[in-house]
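Read through the structures below before going on.
The same chain A turns up in both complexes below, where it pairs with chain B and then with chain C.
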Partner chain A sequence: MATIQQPSRTTPPGPLPQRRGRLRRIRQDWWIYLFLLPTILGYGAYTVYPLVASWWYAFLDWPGFAATGTFVGIENFERLLEDDLFWNAFWNSIVFLVVAVPLRVGLALALALVLNRAKTPFKGFFRTLFFLPVVTTGAIIGIVFTLLLDAGGPVSLAMVKSGLLDSPANFVADPDTSLYAGIAVWVWKWLGITMIYWLAALQTIPRDVHEAAMIDGAGGWREFRHVTLPLLVPFLVIITLIDTVAALNVFDLMQTLTGGGPSFSSEVIEIFIFRTAFQATVPELGYASAAAVLFGLLTMAIAVVQALGFRWARRQMGGAR
Partner chain B sequence: MGQHHRILGTRHGAARVGRDISRRRFIGGSSAGVLAAVLASCTGGGQSSEENAAAGGESSGPGGPLQWWDQFRPLTEMFERDLFGPYMEEHPDVTIERRQMDAPDLGQALQVGRRSSQLPDVHSVAGLGSSPAALVSEGWFQPIGSHADFEGSPVADQIFDGIHRFDGEIYSFAPFSGRRHEAAPWLNTELLAEADVDPEQSPATWDDFRAAARRVQDGTGDGVHGVLIPTQDPIYLDALVHRLATAAGAPGPGAIDWATGDYIHDSQPYLDAVEFLVSLQADGVVHPASASMGPRDARARWAAGEAAIYPWGPWFIGGLLVEEPEAVERGVGVWHVPTPETTRNFVYSSPAPGVFWVSSESDQPELAADLLLQMTTREFQAKLAAAMDQPPALLDVVAEADVHPTYAQNVSFFEEDVRIGPVPEVATPGVWRVLAEMRDIHPNLGEIVQAVLTGSTDDVAGDLRRYKDELSAERERALEVVQGEGVEVDLDAWVFSNWDPATDYDQQAYAER
Partner chain C sequence: MTPPRIETAPESGRGLAAPPAQKRSSRFLRRPRPGQTMVFVGLLVLAGLWIYPFIWLVSASLKSSSEIFGRGLNLFPEDPVWENYSQAWTEVGFDRYFLNSVLITGGTVLLIVIRSALAGYVLGRFDFIGKKPLIAVFLITFFLPEGYTIIPITQLTDQLGLLNTHLGVILGLGAGGQIASTLLYAGYFRQLPKELEECARLDGAGHFRIFFQVMFPLAWPITATVTILTFLFAWNTYLLPLVFTLSEPGLRTLAVGMTVFVGEYDTDWSGMAAAAVISLLPVIAVFVVLQRKFVDSIAGAVKQ
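Up next, the complex of A and B:
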């Protein structure tokens, strides 16, 4: 039975009564915490613990088949800084991020705008069509696209027949195209979910705003540029953030599509970590953890610099006005 | 708002389950009960693990079912029918549970199992990529020689120190023969007949091989290619180039000059082997999608009739029988490993490694050892041959076994073409410590070949030299580390001056070294 008690107005605020109040609340509503327990345990065991553990492992020399590792300080980080393949994977991940996220966000917005128009026919059908790849397993898509994009596949053959290519090309096994093939497949696969986000965002814009713009004589582009887009900016930030995080989780797709090859040309950081931890002659768990930690730190640093840059740019613009 | 009892629900008393019990308290209490029940069920109702084991022991041996993990998909039926089934019939209190996984999955499962103390009783080490000696030293396994008479078994002469025996204790044995390689050209005889190429006549030289591939390419329909080289997998390419290089005259196994102990990845036979693959590609006879295929994808494409020749290991027919049996019925042939000139060089292999190991966590090593001993009998070896995976340790049983004639022919080619070469860790136990200390060098041989075949590099000689130099430097570094730990080993451990390229390097040769 819950009891809600008015806090005494005469009692001066202080740490002890506050703590007592909190303890009492916990005692009274203990079953709420009981319900939260599975989530807390799950989050702790599968998110917090691995995170903390990977930090610790990063300081160990730990062959995968040994029960424990030996503390080596920052040696793994020093080796990583000199490891060309780590930097290759790092830049591949950054290229993936920089190319794939704007593509996915932009294309999904374009699709959503079209599918949000009242005049567009078969809207429900097209929405379902674009959403279907989202619910298909990434590994399966990787395998299927290996067949579609190889030199004997329909994409290459169609490009040869239409004169776009002189001879068949193996897009997933060419060092110049393998990463971009992965990006294209990833964008295609996840376009549907970003489109749904945009559709939801577009539906928050009141119809009368559009009507007012039309009455003021704004055409389609000007209405989008000066009315719709400014209202979508808060959503743009959130959607870009969500897609950015997703672009750093492409292991299943890239592993099945290219395996990181050929010649490491499409090896993103997750494949580097997997290869180091599980596929080396002597698996190096500490080194792989250090790679994960260092990549996390570098990405964070880039994000901070980016945020500072945005803030500076906004201030400059504000000053100019 | 003063103190009050908040009762949810519209009907008066609907939420009351008893006097003074609100719905909130009821939900809280019942959720605690449910949680307790769930936790109790997770822990088996509170009984100890010993009690669990005892309960299991009534039907499945003293430590529960004997768990067995390996990667041999073609052997699945045979293991059940000819090993586990008869053994369980003979020992009604024994239950054996086997899990088959692909090698990379198995490697990961074993690493995770090791860290969580959930290793199976018996397992192979595929996918771990580590030397068994290193695993023995890390305490992964327990010896089996004292539980079963492997010294008196028919495969006793194939038990080597540093491979199967450590510190005088037998830990494993070789159920398969080391006399094999992964570069046997498997043939679609139907396509070869269409192109008027004789599947019974192995090409005498690499040029003849190229010519045969061209004839297949030109003499068959659209969409059919001469050769499959699954380039996506550097491990496949590594093995293929090692084999081709030894066929071109390089010593082996392991790309080591046994006279000096130096690595020879940049020697002429290795360059020739890579050039041979490049020439096949330049001839336009390689399946254009090869670069995005792994070995199993390539086998499926071969079975689908997309290409006529596919160099792979002896398990080819066994795998086809499981995955694409119609391809075997259609017609499968095999050639000798191709050599550059008519003078045939040998291909060198290590003695067959131990395949199945008994985990140090197993509490039924006697049972595991006894079961493993059954694999050494001539009867079982014949059945092993009939599965047409790797050739059995007792190669002569293949002649009596129920095998496809092409499998038997391939094994006879192995007897002609393959010699067992020296293995440094057999002669000098400290070598495995060096190997365990050595870090991988990238790009390695397979990755360099992949780069060449996909157009990422054209400086084959420079890349191979760089790899050899870096590998040599890494071995020097590892040697220093290991020597610093007091292990007696030096570069001479890689020198086998009494190696004769034409004969097997056997136990006597090690003794006379």
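Up next, the complex of A and C:
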């Protein structure tokens, strides 16, 4: 990560045994560790400890906020694998990811391409406008959209008036559409930030590449397909990774928009965990932790696969140069 | 929706340039104007979809509850009902929620700026034993989802006796995670010239004075970026304050208070809209004032 800089003083060379040298260095660098102390303490307690503790909790039968749980081995995992509601939440999360991420990444790229063109007027204004929902609070946006998407709300009214719908419909309260309503709102809220990522990526393409393409007679779509797109592949991978992880963290929006309903039709894994751990009549912390552990593994696996893809893409780029 | 629109631009341009022999020069000299216009119209429609919810929200917050769903698509309230705001503010308790949000956001920003600047400084400029494992831990936990850590963090906070306090929420939000901020500081401090420290040391300054009087002030662009990103994160966060304040209504933040409002007054739509405006206004106002910095912060953070 960081390029390693030599410390300002030299470590004692020669005959001193390695061990004493290390100890001496640590003692000499005491102030460095003092600078790191807040991070090490905070990170240890609030990131590393939860990471490990979740695994331990996952093996406990732990009802509610009782002092502690009793060890039950892999029983929680066995139960989870047979729990239809867990699989329902799991597949909802996957559907969310598979539908929402390409939509967000693709639409944002299209938008960035238009806003990156010299000829598009009011670029700054449009950029601000599309970015506006990004800064808003997801939980509040979820509530606002329950009103907007209500059967008597403006979306349904406008669709009926324009003939897209026969009769007023509430997309949030319909089990067939609730998950997709969530996806639409999520894309609406977060499109702007992905657009900014893409704009930053497009800035890295030198202008003369565009000019060279023009001279070769490759305008518009062909230039995009054969010149711009290959240069954007590494960015595509990293932006997809960021957005994929984001698509797994949709608790605030989904909880307030649909609450996972109706009848669990839009319950994603996070809502399942929250419901099991904090909202059930008999909260089950161990069981919820087991679900959280599987959820964490899923996130990690996706991140690793995409990081490998990123490395591959970068190597391809290097080879091309 | 939009990708095909991009495709249509050059296609309609191709239709314009009739003889194939002139195709090349015509594309070079004359841009395909009908396509251009279509793209722009598409952009306008999309922009309308993006701004409409906000306009509707403000309009709804000034209507009476029966008017919201009773007057079709008309955005103008018959007679602005400003009481919606005062009611949400005092009776429902959004004054309290607002204060909680400010305290928690402020505390979290402070905590993250201090701890990230300190760690970023030594990580960016010095080599020490244990540096590599530390960075490895940071990278492994970079994408750790919040839903994964929430149960142990709640337990830990409970054991520390901080479950129903502002401090508990601040620590829960700011003590762990947020590695991007540390890496931003590390990247910035790394490229500052080494002479800075040498000069300061010749003047007799110790490590702490060098950091607080020379280095930290120099890093103000990063401090601004981290402050903006953390402000957004802390103001908008929901899961952790929700869980931490389940049994303590006095500690609710705006986002949590809003959802409780929905549960308790489920037909007071105009009150809900007013409360939503109150909650969103500060973050939107800060964004509008600092928008260049916002966008640069996020683009810059990604490039790193």
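Keep this in mind: the second predicted complex is superposed on the first by the 265 of 321 C-alpha atoms of A that agree within 3 Å, B and C clash if a C-alpha of one lies under 4 Å from a C-alpha of the other, contacts with A are read in each partner's own complex, and residues count from 1 in each chain.
One rule holds in what follows: a residue touches a chain if its C-beta (ideal position, glycine included) is under 8 Å from a C-beta of that chain, and two chains touch if they have at least 3 such contacts.
Please read these numbers as outputs of a predicted model, since none were measured by experiment.
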Partners on chain A (chain B, chain C) - clash or fit: clash
Partner chain in contact with A:A173 - chain B first, chain C second, else both or neither: first
Chain A residues touched by each partner, larger count belonging to chain B or chain C: C
Which of chain B and chain C A:P133 touches, first, second, both or neither: second
Which of chain B and chain C A:F35 touches, first, second, both or neither: both
Which superposed partner A:A247 touches (first chain B, second chain C, both, neither): neither
Partner chain(s) touched by A:V114 [first = chain B, second = chain C, both, neither]: second
Chain B versus chain C as contact partner of A:T281, first or second or both or neither: first
Which of chain B and chain C A:A290 touches, first, second, both or neither: neither
Partner chain(s) touched by A:L80 [first = chain B, second = chain C, both, neither]: neither
Partner chain in contact with A:G153 - chain B first, chain C second, else both or neither: both
Among 21-29, 381-389 or 471-479 on chain B, the segment whose C-alpha atoms clash with chain C after superposition: 21-29
Common ground on chain A, meaning residues reached by chain C in one complex and by chain B in the other: 1-6, 31, 35, 65, 146-147, 150, 152-153, 278
Chain A - residues contacting chain C, complex: 1-8, 22, 25-26, 29, 31-33, 35-36, 38-43, 45-51, 53-54, 57, 65, 106-107, 109-111, 113-114, 119-121, 126-133, 135-141, 143-148, 150, 152-154, 157-158, 161, 188, 191, 193, 196-197, 199-200, 214, 217, 219-222, 224, 238, 242, 245, 248-249, 251-252, 255-256, 269-270, 273-274, 277-278, 285, 288-289, 292-293, 295-296, 299-300, 303
Touching residues on chain C, where the partner in the complex is chain A: 1-3, 5-7, 9-11, 13, 23-24, 27-28, 31-32, 36, 39-40, 43, 46-47, 49-54, 56-57, 60, 68-69, 72-73, 111, 114-116, 118-119, 121-129, 131, 134-135, 137-139, 141-153, 155-156, 158, 171-172, 174-177, 182-183, 186-187, 190, 194, 197-198, 207-208, 211, 232, 235-239, 243, 246, 254-256, 258-259, 262, 269, 272-273, 276, 279-280, 283-284, 286-288, 291, 294-295, 298-299, 302-303
Complex contacts: residues of chain B adjacent to chain A: 1-6, 20-22, 24-25, 27-29, 31-32, 35, 104, 107-108, 111, 114-115, 128-130, 134-135, 138-140, 223, 231-234, 287-289, 291-292, 294, 297, 306, 436, 438-440, 442-443, 447, 450-451, 453-457
Complex contact set, residues of chain A against chain B: 1-6, 30-31, 34-35, 37, 63-67, 85, 146-147, 149-153, 168, 170, 172-175, 258-259, 261-265, 278-284
